[in-house]
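Just below sit the structures, each encoded as structure tokens.
Heads up, the next two complexes both have chain A, just with different partners, chain B and then chain C.
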Partner chain A sequence: MTNNTSPKRHMGLKASNAISNTLIHVLLIVISIIWLIPFVCILLQSFRVESTWQVGYVIPQKWGFDNYLSLLQTDFKRWYLNTLIIALVNAVLQTIIVLCMSYTLSRFRFKMRDALMRFMLVLGLFPGMLTMIILYRVLKDLGLTQANAVPGLILVYVASSGMGYYVSKGFFDTLPKSLDEAARVDGATRFQVLYKIILPLSKPIVIYTILTAFMAPWGDFVFARYISFGTSAGMNVAVGMYNWLNKDMIGSCYTMFCAGGVVVAIPVAILFMCLQRYYVEGVTGGAVKG
Partner chain B sequence: MKHYSDLEFLQLSKWQRFLYRLLSFFASIPRGLKNGVFAIGRFFKNAAMGIGREFRDLVTTFRDGDGNTKLSYLIMGWGCLRRGQILRGIMFLLFELIFILYMVFWGGYWLSMLPSLGKVGPGEAYDPILDTYVYQYNDNSFKILLYGVLTIFFIIAFIYTWRTNIKQNRIAEQILKSGKPLRSGRDDLRSLVDDQFHKTLLALPMTGILLFTVMPIVFMILVAFTNYDGTHDGYVNNLFTWVGLKNFNTMLSWTGAGGHSYAATFGEILAWTLIWAFFATFTNYFLGMFVAMMINKKGIRVKKLWRTILVLTIAIPQFISLLYVSKMFAKNGIVNGVLMDLGIISQAIDFMGSQAHNALLPRVMVILINIWIGIPYLMLIATGILMNIPADLYESAKIDGASGWKQYTKITLPYMLFVTGPYLLTQFTSNMNNFNVIYLLTGGAPNNAAASWATGSVGYTDLLITWLFKITTGAEAQYYLASVIGILVFVVVAVITLIVYNVLPSIKNEEDFQ
Partner chain C sequence: MATVKLTKVKKIYDNNVVAVHDFDLEIQDKEFVVFVGPSGCGKSTTLRMIAGLEDISDGTIEIDGEVVNDLQPKDRNIAMVFQNYALYPHMTVYDNIAFSLRLQKIPEDEIYSRVTNAAEILGITDYLMRKPRALSGGQRQRVAIGRAMVRDSKVFLMDEPLSNLDAKLRNQMRAEIILLRQKLNTTFVYVTHDQTEAMTLGDRIVIMKEGYIQQVGTPTEVFEMPKNLFVAGFIGAPQMNIVNTELTLENGTYYVSPFGVKLPVDGEKGAALAAKKVKPGPVALGVRPEHIVLTKDAENAIPCTLEVNEMMGSELHLHVYTADETRLVVRVPTISLDEQTRKGLVAGAKVYLTFEGKVMHFFDPESTENLLN
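For the complex of A and B:
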């Protein structure tokens, strides 16, 4: 503040600041309520016992765990296990692939590097949906669809994951090159540089990659439905539970969907919240560097 | 048009500058096209010269080389084996053997069938053992196309390897002539984790991309020139075959059944796709920035709590939240129920428009719900960036008496736009292809009756990408049209990307922000 500010104006500023802060607090509370409503509703309805279809009120008249128990009667366990396996394997393999790709493109200057990156940029402009048809047929020939959809899905997720190298490449770009050079001068091979120097420094981006690779399969719907194609044993949670909300089943499965949603969401959300810091670093870095 | 010098340009107001950039972009299109044509010409000229150089090199290597080198033209790796580079020699030889075996037993067949995509379709045939006519499956167009493409990939790889083999012979000769020893197999292996480490690292990811991204895309581009659909599935019912540009004619012609053509439908959906992408991107961008600024403001308490609540929509898988929200807004859903209980409305509103004739409400709804999904991402990103803006900029602005709004438009917004320009662009294009939000929320509803009658099921909230999906899953499954749409989507996205890169200052000119 400058000296010529009169005490009165100073008071005014303070007061207006207080008012605007109160307003912002109110607004934030309203926003939070809007953001929370769907999740509160889904949680409350998962405990509703008196009816299984959609109703126009939020708070159940009779509470109980019936919906969770009836989940056990369905193939839900199988879907859950499928998704968990896909997510875990995908998290490991995809991280390896993405790190290989991004580290190489960040640190090595080889003949085809620029051409390769431009090529992948153009590839990325094609709608991925288009390739589903052929991937389905190829996987079918390999016997990796329907009941065997789990390895099929893993194969496709992992194989195409190299395209998503941008965020972690941005991270590696920020690590000083002098580290590599110093180690090289001391006689380390490129592999030793990666293993002994870069990897220990890359914890945030490794965790970010693992986290996103783990979360993606839980939400994949289109491709998983294409591959499992009506065979319950090969479905993931998204595909299986989607059917509960179609016209014929919504009457008997609506509250079960809510219960299933809670069971799926809670572990994933807790994991995400624990690792949130790394996620934020990743998305911010990725957005800034494009 | 008038061309401004730098000094004149700086005197223009913001809008004039933007207009100037836009106009000069369009004015530069003819020149750009000309340059493009020249660039393509240059590319072919360079390619031809490159090939010529390679051929000349092949000839001179053969002429000047010793017997081992000459024999390597026929037997790959011969030179390496004779000169003691056993590992390399075996690899080359093995590759050649595999290639020859593959081409003789499989590749030749696929390649010979590629021009026709199969000659004998499925049908009745006499079976002498059963003494009756049985239905037989014969050629498989799908496999022919698929393995034909793979065989071509393989041939290209073989030619490249063959060329490498010859080049290495020449280099080996030179090294030996200068009296140095050749690299041993052990050196080769060591170089894979050292100076050739990038090849080791890229081998696996690139194989995956080649087989599961590049190959499918090449295949689907080719499908756009065939009549591959549900009835011409290539094996069980009928073969499919090349039809040239016919599918592009279908998609881009203005005459169609009932006065509604594919071109009209495509135009309608493209328009909505662009509107959707625009609103989905910018509502999220500005509101997310706004929320981030509110939370960041000095004196706001429990910042962490607000952020955590918002981030819930990222943490919870979209299929749960989106499906649930779409059911909340259903005609017999919670929102209608509560509103009616409170007496605000007397009749249920059809928000998602499964039966409505009004397309506007569902369209607004998907944009609004997308805000719910999208703000948290932007909030996270904007928080990180806003913290990086030097605080003294605001201090000096305050001293100069700038209002909050002025600070926003003069400091915050330019900084954000500058830093996130490329991100906005990718957001826009990924929103154009945002399948999940549309499909899980409305599934494309409400139905666009006029367009659906002529071109298969289409809804008012359908994006090009969901339309493409519907086309491939319907009863007729017109894969060839889906491919055409996919290619057109690619063209649209590429054109937008090009324009934005040329017009947006923050992407092109890094010095613009002061």
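For the complex of A and C:
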């Protein structure tokens, strides 16, 4: 009896799978289109040369690179360089600090370790904005605001980086401790264990850490705006370009703003496209790596 | 090649749990010493203290006469094989074995010759360019041994290296470790919970329980003269039967009366009891399963009921219970039984047993110590 009914059941299952797969794909395509519309619009506007003002249509009547060339006539280069320096330096320093912190908390047992981890968890629950005024005060006293906002911002981002150890620690916890021990018996120092054994096994989490450390200052607005405090030389792209959106400038700068947006998005998009496999593994790594 | 000396070594964890109490042991050069005991007895902790992977709370550890208490593992000149192999997954077998040599900055051509030589001894030459994930459990363990071999270390430490392997492979690897030991001719410290491994591999066995050494001796010593009831039960499979009974002395001959059957203690054991002037009284009588004899003569024998008959091939393990429901295990060579007797050994069958007096063991029921110590 089972033999008579099973092919029908099999067909039914196949058909229902096909229907649900189709529905899911249609839904995903619709969501993707909705999500992509703003990006496509910005890209198209950045190539529009017939007017610099907002218009009621999307596809430009005249195409050109004028807006991109106009960027070079502004402080955009400076802002872009500032942002790149902040993001790159932060990516390097924060990655080193986060990985060392995570490895330490994963592998070493010391007094107050649990208390420290709990303390950092609680601290992390407070919004960073709360510290803004006092940070500004401190940085101002140190002379690291306005034109010197770049080192000031690097200091702010790097100083708090140890708190972001959770994901990498979770990943390191999944790597057997006996690997460390074997390497130590083999003659490696603790540092050699980290960079010869643990880090090569943690590529996804290292890349995830670099990407997040790069991304946070790349798109930051609030801190950067406060610390640069109206001085163009200390601004990052987000703050600098925001000034183009005020009432007086938007008419002449709208398409240039779109071109700037595209230029800002390019490095991040390239990074993500190259490293997305590792990024996904990194995000989920701490939870599922066995 | 070196001696290892542990003096009053103690391990107390942060939560005040004492894992190892005053551990004293001197391991001779080229000796193969096995730490054996149940889970949590402190055997692995002791090994890890020798390796430098655990701090020592008290006492001293010397390797080749040098106190190594404060030395990092890398500075102790030891090699270690781990239970879960601990191979570096991102490196090939060759790189795994060469790792320690590269850290020592040994020239690459010498590394090549050492690695290929070790691989040849272990039969893993064909796998040198593979990653560990492409190897079977046995091959991985060989790589782990190879990694330890190439270092020319003073002491070779092994932490339950065979316990992740299946039974057949474990037997094979056990034999290979014996051969390897002959080739390496170095000092070995080996940890296992398997008494068969301990008996077959060790020159000396250290039996541990709850952080204390119970007995140190050669396999024959610990088997034939267990120091206490724990060792008696731990060494030997199936484990020794323990029966609480009375030791009596009549006309210069000792007797025991297990289950109301009076049996003389003859031979060396009787003489040893007499020489020690052991006082008659309550005694925990130990009899190994192979020293219980099936008899057809109901006179002066212990009547039992057969509960389970385990056919092991060359022998039978008979699980029986007496009239007062005491469980005993009897080991009977199949060759010693005729066809009819063997067929009659089914659950519920009545059997009669007697103990061989010359191989009985006598323990103090209070202190659990062997009365002949």
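Here, the second predicted complex is superposed on the first by the 250 of 290 C-alpha atoms of A that agree within 3 Å, B and C clash if a C-alpha of one lies under 4 Å from a C-alpha of the other, contacts with A are read in each partner's own complex, and residues count from 1 in each chain.
As a working rule, a contact is a pair of C-beta atoms (placed from the backbone, for glycine too) under 8 Å apart; a residue touches a chain by one contact, two chains touch by 3 or more.
Only a predicted model underlies this, so the values are computations on that prediction, with no experimental measurement involved.
> Please work out whether A:144 is in contact with chain B alone, chain C alone, both, or neither, and reply first, second, both or neither.
Neither chain B nor chain C is touched by A:144.
> According to the stated criteria, A:31 is in contact with first (chain B), second (chain C), both, or neither; which is it?
After superposing on A, A:31 lies in contact with chain B but is clear of chain C.
> Under the stated touch criterion, which partner chain does A:259 make contact with: chain B (first), chain C (second), both, or neither?
Neither chain B nor chain C is touched by A:259.
> Does the superposition put A:87 against chain B (first), chain C (second), both, or neither?
So A:87 meets neither chain B nor chain C here.
> With both complexes superposed on chain A, which partner does A:153 reach: first (chain B), second (chain C), both or neither?
After superposition on chain A, A:153 lies in contact with neither partner.
> Of the two partner chains, chain B (first) and chain C (second), which one does A:235 touch, if any: first, second, both, or neither?
In the superposition, A:235 contacts neither chain B nor chain C.
> Classify the contacts of A:189 with the two partner chains as first (chain B alone), second (chain C alone), both, or neither.
Both chain B and chain C are touched by A:189.
> Check whether chain B or chain C contacts more residues of chain A in the superposed model.
B
> Quick one: is A:176 in contact with chain B, with chain C, with both, or with neither? Answer first, second, both or neither.
Touch status of A:176: second partner only.
> Check whether A:280 is in contact with chain B, with chain C, with both or with neither, and answer first, second, both or neither.
first
> Of all the chain A residues, which ones make contact with chain B and with chain C?
Chain A residues touching both partners: 189.
> List the residues on chain C that touch chain A in their complex, please.
Per the stated touch rule, the residues are 14, 51-53, 72-74, 78-80, 82-84, 86-90, 99-100, 103-104, 147, 151.
> Can you list the residues on chain A that touch chain C in the complex?
Per the stated touch rule, the residues are 109, 176, 178-179, 181-189, 192, 196-197, 200-201.
> Can you list the residues on chain A that touch chain B in the complex?
Residues 2, 17, 21, 24-25, 27-28, 31-32, 34-36, 38-39, 41-42, 54-58, 97-98, 100-101, 103-104, 108, 110, 120, 122-123, 125-135, 137-138, 141, 155-156, 158-163, 189-191, 194, 215, 218-219, 221-222, 237-238, 241-242, 245, 250, 254, 257-258, 261, 264-265, 268-269, 272-273, 276, 279-280, 283-284, 286-290 of chain A touch chain B in their complex.
> Provide the residue numbers of chain B that touch chain A in the complex, in ascending order.
142-143, 146, 190, 193-195, 197-198, 201-202, 204-209, 211-214, 216-217, 219-220, 291, 294-295, 297, 299-301, 305-306, 308-321, 323-325, 327-328, 330, 332-334, 336-338, 340-341, 372, 377, 380-381, 383-385, 399, 419-423, 425-426, 429, 433, 435-436, 439-440, 464-465, 468-469, 472, 479, 482-483, 486, 489-490, 493-494, 497
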